[in-house]
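One chain, chain A, appears in both complexes that follow, with chain B as partner in the first and chain C in the second.
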Partner chain A sequence: MRVWETMEDFDQFIVNGGTVEPGDDMPSAYRQEVFRFIEMHANSELFGGLCERYWVSRAPGVHRKLAFLAKTQDEIGHAHLLYMVAADLAVKSRAQMIDDLMAGRSKFHNVFHYKTHTWADQIVIAYLVDAAALTTQQAVLKQCSYGPYRRILRRIVSEEGFHMRHGEEMLLTLADGTVTQQNMFQAALDRWWEPVMHFFGPPTKDGDLLIRWRVKSDTNEALRDRFVQKFVPMLQEYGFVVPDPALHRNASTGKWVIGDIDWAALRATQSNVGPDSAARIELSKQSWDNTAWVREALHVP
Partner chain B sequence: MNLEHVCAEVLAVVDPELGDVTIGDLGMVRSVNLDDDLDGRVRVVLTPTFMGCPATGLIADAVQVAARNAGARCVEVTWDPAPWSETQVTAEGRHKLARLGIAVGDEGKCPHCDAELVVVAANSAASCRSMARCTNCGDLVDVLRGAASPIRWRHYAHL
Partner chain C sequence: MPTYEVFLKPDGKDGFFHAGSLDAPDDEMAALYCRETYIRRGEGVQAWLVARQHIVTLDPKELEVTAHRQHASNDGSVVAQRRRARRQAGTE
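Moving on to the complex of A and B:
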């Protein structure tokens, strides 16, 4: 077990590229920040899994159903891993985390506060939301100071990469499809572009603790920009219109510049009062209650 | 066309979910043969790590591309449902999997500190993988195993 006498010592340890392990006597502010971050990731994987599961029976064709089944298993598996890593930090027990989530006291990513209207919405999620998640996770994996999290992220990132390829394959099917299919995707893109921009979070403030302690290695704006530079040209190449009237290309740098972002909708999701927050929380509660017999059979409280 | 070259390219196809681990590393390639009766058709027989694996489509497509790029004119990929087992993973495969935090088989050790593992869940992200925890460092590790290699449940622990 390592002990740091002062916060300066700890900061120096982080600056020097040190890795914090669960047995270390880490500063409680660090423990809280890392816990909060991993708990939100775990909650989001669980909601992602439930969102995928909804589409298993609705996906067109056995091939897609199989893929959604497998992805559901991936997401729930990720949540399982993350809840264990979070619980090891001894801020909250796993049971408390689940209780808080079902009671609407915890946060989960903004994209799971919206309704999926059509199959194309789910394709936008599988492609753009998974790609956005991958962008942020890769940036954490790069040099995250908390050892257990970085080590499981390596596996999570390789699996999310697989999901994205699957999402891209589904997107190409619609892009190559009938006008109805293309319009369906465009309508879904119109609904989801803003939430995807919000996904990266509001501009990172100076002195951000997650950056200071090397949990995150890039600011929210840098990650959003990386995503925009890659996906705007890709969506355009597939024949779709990015629903941002102010979107343009900077003549001198050649980089894509997006319009101002209205953060009101993000703030609503952060307080669990987004368009579909209540229904999503209720769905997770039902799923939890419906599987009580499994936990009982396994003697897990 | 050089069959050896085609075979090497097929073995080098990477698994879509496991970073740089190839299907050769995993021992998924049963055979690569040339069928002279069928105008030089190359027959590739693969085995999935578990029945119903959703990656089989992507893998078969990648094998087609790899074999054609290596000079094969006509390629037939089939899946042999004979059970795959983790004993077919090569030494190189074990090494690469360890870097991803994945141990191989029940006897597998923690890739982080080489200590004993305890299985905590029958399945992790895929049906060919269990979830385990290291008895020393507490790290969460995946254990790759075939369906014919059942988990030793005496190792099972709830966490």
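Moving on to the complex of A and C:
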């Protein structure tokens, strides 16, 4: 167990590229920050899995159904891995985290506070949301100071890569399909572009603890920008219109510049009062309750 | 419920690595959870599950001193210095 006498010592350890392990006597503020971040990530994976599961029976064709089944299992698996890492920080037990989530006391990513209207919505999620998640996770994986999180992310990131490619494959099916299919994707993109921009979070404040302690290595704006530079041209190449009237290309840098973001909708999701928050929480609670008998049956000695 | 540590051995020359952990009521369930959570795409050709409570942990402080045993390793600087000295002596 490593001990740091002062916060300055700890900060210096982080600046020098140190990796913190569960047995270390880390400052409690660091423990809380890391825990909060991993718990929210775990919750979001679980909700992602539940959202994915809805489409297993609805996806067109056996191949897509199986792929969605595998993806659902991946997301639930990611949640499982992350809850184990979070629980080892000894802030809350795994059971407590689930309880809090089902009771609406915990946070999960904004994109899981919205309804999916059509199959194309799910494709936007599979492509853009998985890609956005991958962008943020890669930035954590790069140099996260908390060892167990960084190691488990390596596995998660490699699986998100499959999801993104699967999403792009489905997107291309619509892009190369009929006008109806193309319109369906455009309508979904119109609904989801703002939530996807929100996904990266509001501009990072000076003195952000997650940056200071190298849990995250990039600001929210930098991550959003990285995503915009990659996906705006891609969506345009596939024949779609990014629903941002102010979107333009900076003549001197050649970089894409997005319009001002209205944060009201993000704030609502952060307080669990987004458009579909209550229904999503209820759905997760139902699925948890419905599977209680399985847990009981499996755990009888 | 006991916590198990999961170790996987990938195919090929690499040894077992620590993949993560899981909670399970017994060994049989631990094996099931391990397959479902850790081995979905051939991540391991062998797997070890060890109840965390059975792991013997050594004090890192006792291990740290071994990283500074100069007598146990040799960076070649003395040899380089001697060789240099010999070369110089030869050319004079």
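Side notes on the structure shown:
FYI, the second predicted complex is superposed on the first by the 299 of 301 C-alpha atoms of A that agree within 3 Å, B and C clash if a C-alpha of one lies under 4 Å from a C-alpha of the other, contacts with A are read in each partner's own complex, and residues count from 1 in each chain.
Here is the rule we use: contacts are C-beta pairs under 8 Å (C-beta built on N, C-alpha and C of every residue); 3 or more make two chains touch, one makes a residue touch a chain.
This structure is a prediction, so every number in the text was calculated from the model and none was measured.
Overlay on chain A: chain B and chain C clash in the combined arrangement.
By the document's definition of touching, of the two partners only chain B reaches A:L66; chain C does not.
Of the two partner chains, both chain B and chain C are touched by A:R155.
Of the two partner chains, chain C is the only one touched by A:M1; chain B is not. Of the two partner chains placed by superposition, only chain B is touched by A:P22; chain C is not. More residues of chain A lie in contact with B than with the other chain of the pair chain B and chain C. With the contact threshold set out at the top, residues 70, 73-74, 77, 80-81, 84-85, 88, 151-152, 155, 298-299 of chain A are in contact with chain B in one structure and with chain C in the other. On chain A, the positions that touch chain B within their shared complex are 21-22, 63, 66-67, 69-71, 73-74, 77-78, 80-81, 84-85, 88, 148, 151-152, 154-155, 158-159, 161-162, 165, 298-300. Chain A contributes residues 1-2, 70, 73-74, 77, 80-81, 84-85, 88, 94, 151-152, 155, 298-299, 301 to its touches with chain C in the complex.
On the side of chain B, the complex with chain A involves touching residues 16-19, 52-55, 57-58, 99-102, 112, 120-121, 123-127, 131, 133, 137-140, 142, 158-159.
Remark: chain C residues 1, 3, 18-23, 25-26, 29, 33, 36-37, 40, 43, 60 touch chain A in the complex.
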